[in-house]
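Labels run A, B and C following the written order; every chain starts at residue 1.
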Amino acid sequence: MTILELRGIKKYFDGIRAVDNVSLSFKEGEISLIVGPNGAGKSTLFNIIAGLLTPDEGEIIYKNKLINHWKQWKRAREGISLLFQEARIFKNLNLLQNILVAFPSQYDENPFAFLINFGKLRHKERENLDKAEQLLSLIGLKGKSHYKAEDLSFGEQKLLSIACLLAKGAEVLLLDELTAGLSPQMVSTILPLLKKLADDGKTIILIEHNLQAVLDIADIVHFMNEGRIVASGPTEEFFQREEIQSFLAIDFSLSLLNIPPKKGVD
Amino acid sequence: MILQILLNSLVSGSLYALVALGFGLVYNTTRIFHIAYGAIFVASSYLFYTFYSLLHLHIALSILITLICTVLIGIFIDMAIYRPLERQNASPDIIVISSLALYLVLVNIIALIFGNEPKVVLETLPPKFTIGQATLNFIQLGFIISFLVISILFFFSLKKTLLGKTIRALRDNPQLLIALGINLPLLRLAIFLLSSFICGICGVLHALDSAIDPHMGMSFLLIGMVAVIVGGVGNLLGSLAGGILLGALSNLIIWKISGNWVDSFVFLLLFIFLLIRPYGILARRRRVEEL
Amino acid sequence: MNYFLHLLIMISIYFILSLSLNILIGYSGLVSFCHSAFYGIGAYATALLMMKLHFPFTISIIIGIALSVFISLFPSLLSLRLKQDYFYLTTIGFQIIIFSILYNWLGLTNGPYGISDIPNPSILGIKINTVLKFALLSTAIFTICFLLFWGILSSPFGRTLKAIREDELLASTLGKRVYYLKITAFALSAGFASVSGALFACYMHYIDPTSFTLSESFFILSAVLIGGAGNIRGPLIGTIFVIIMPEILRSLHIPDSISANLRQIIYGFLILILMRFRPQGLGGEYKLQ
């Protein structure tokens, strides 16, 4: 079942075509991989799906609804979840608080909830606390739950932001450079998690430079260059294609040398 | 009658435009919300008062020394307060609060030295001349001439001189400037120099025109800030235009309603503007993040 | 004894003001320069309702809160969608407009002459007509407010505000309605500020616009910043500091005429130093970064 569809998405920045007529569709339970050189427009595409940028042309269809006018928070509440390349976390809050914030809650917006719904609120808070601690164990950071988020290493912050996404509840996960900055250990903890999410029917879209890590779990690969999708196909046969191999030779060696992707138009 | 109103508008508009230009110069290039600018304005009026009225120096000498001191104060503020804060990556909130704190410290020091009551610099009315049914005195003419001279100088130098072009580039792309080998600290010095210089001229002119008191800076500052936003953030000539517009508006309010409500109407204009066209005259739709 | 009670009353009033401003600065990350405008709205609303319409104190205070909350929508709806800088300018502008209205609308507020002979409040039939009784009243009201602050700020709402302060964009991609939450925070702080205004009016029995200026907003801001923002104890520490300081100056026999200017210089200077070297203030948690 197609859960997310992009039709003719175009985005220009000062005349440069960051995203040039991209049309893609994503199914439930599918893990898609988007690869391509730096500056190809991959992150821009993610930003458009998540609502951080508005496309100049094109439609975004989610669960059969046109969502172009939906704001970020609405898309997030409906299940679209973006993992930032830079591992964004709430720096001055501790790990537990970071995850607690992420839980969707009807009590978030009511300053007097503690008066009106005292019993239910306390119950929900306890529940969330348990879930938060479980998530922290999952990512291996339970012992550091009272550390300030800014005191974690980059990789740990990345894991924390993944945990927050899981806490929020996601139907579609947009993971931008998930493995960048993670140790091989951390990667091997996360990947089975993703596979399980996909098995439960969630949709995962990955932007990756580190292909080794994700080839096993990706179902479909899309190659993006200069704003366009130039090739797509199921993983097994995709990388056998000659033109893909030559494109990737350069990119692959870059990732071997651990040159981080450039932050820019991408 | 109409001519008089028009002339008055031009006169106050000139002052507001120049105040706006000085503030906008700093804001557009460094993004600093330079509230202390209001204190520099007050300082320059009082410095002029000291040299001219208290020490009885020759008027040209007084103006010269005042301008030099004003520029030094402005540059000092940048070096002692803003730059260290920026070096430690302070957020805009911290810089604004510091700027406001600095304004209050300076203005109150002036109040301690000179007292809170208004002082007058020119004891006698300056000579005036008539144009049709309207009158204009020499100081007011000075306002208009200063405005015209500075505007024209700015207009040309922004387009033609290296300094002008680098100032325009600084807002958009500081990294590129560094790459091109432009000396950023020197450029910043030039910006604060120019801004304080213009502020100094405003302070002197105002002191010659009306009574001064330590707390007058805020009104002018606010009108300057609104003029910058209404004229279009990033557009220096827009700040000038905004100033003239607000000069006209305030005179209209004084004529039709009362001097007491000028500040409120200026802000009302700002609020309406924010509702309709908050992006400024450069109406390009900005990324949600950039807002 | 009365002097001590006087200090106690002023401290309670300013505790509420600084804790409510802290909701904006310390929890939502919004620096507002118009807090004293709401302080003034509360004071004038209470005074006018009690004197012109003979409403009892409790009803007047509640209407004052509602009025403040409603009026807070004007600056907040206008500027919270836009860049920070517009918010600063809007709050300054709003402060000035409210001051202008209080100063110039003679028909309503009596302008610079102020409102005098504001009656003593009556609570549950007891007339609060001595300083001691008022001190008890203000302490009681402060305690209620304090408990409310504590509840609000330790709840999910408070936690979400802190998240917004840390990273708005991240918060919105986690599904939080940042705009709506900021408006709520702003309205909350306005409501509490007006409670302080009501207390002030009934204690002084006289109010005029000069108590509700931009300088006053800065004074409250100083209390929050000196004590530190982001937690409950910071603003309390800061308030005690800024209330006690003028008393110390007075005991050094510095004349009142100079004292006002001197105070602003001291607070301003302190703020400059704190912002540079210790932005979390004396006891706060949030470094305003």
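The rule we apply is simple: a residue touches a chain if its C-beta (ideal position, glycine included) is under 8 Å from a C-beta of that chain, and two chains touch if they have at least 3 such contacts.
Note that the structure is a prediction, hence the values are computed from the model and not measured.
> Averaging the CA atoms per chain, pick out the one whose centre lands closest to the mean of every protein CA shown.
Central by C-alpha mean position: chain C.
> From the centre of chain C, which other chain's Cα mean sits the farthest off?
A
> When the C-alpha atoms of chain A and chain C are each averaged to a single point, how far apart are the two points in Å?
Centres of chain A and chain C (C-alpha means) sit 42 Å apart.
> Can you check how far apart chain A and chain B are, centre to centre, with Cα atoms defining each centre and the answer in Å?
Each chain's C-alpha centroid was found; their separation is 47 Å.
> Where the centres are mean C-alpha positions, what is the separation of chain B from chain C, in Å?
Centres of chain B and chain C (C-alpha means) sit 31 Å apart.
> What positions in chain B touch 2 or more of the other chains?
Those would be 289.
> For chain A, give me the residues that contact two or more of the other chains.
Answer for chain A, listing residues that touch two or more other chains: 52, 72.
> Mind pulling the chain C residues that touch 2 or more other chains?
Residues 169 of chain C each touch two or more of the other chains.
> Within their complex, state which residues of chain A touch chain C.
For chain A paired with chain C, touching residues are 50, 52, 71-73, 76-77, 81-82, 84, 88-93, 97, 100-102, 104-105, 107-115, 121, 125, 164, 168.
> Considering only the defined contacts, which chain B positions touch chain C in the complex?
Listed in rising order, the residues of chain B that touch chain C are 33, 81, 84-85, 88-94, 96-98, 100-105, 108-109, 111-112, 116, 218, 222, 225-226, 229, 258, 260-261, 263-264, 266-268, 270-271, 274-275, 278, 289, 291.
> Show which residues of chain C lie in contact with chain A when the two form their complex.
Of all residues in chain C, those touching chain A are 151-152, 154-160, 162-163, 166-167, 169-178, 180-181, 184-185, 188, 230, 285-287.
> Considering the complex alone, what residue numbers of chain C touch chain B?
Of all residues in chain C, those touching chain B are 29, 31, 33, 74, 78-79, 81-86, 88-90, 92-94, 96-97, 100-101, 103-104, 169, 214-215, 218, 221, 225, 258, 261-262, 264-265, 267-269, 271-272, 275-276, 279, 288-289.
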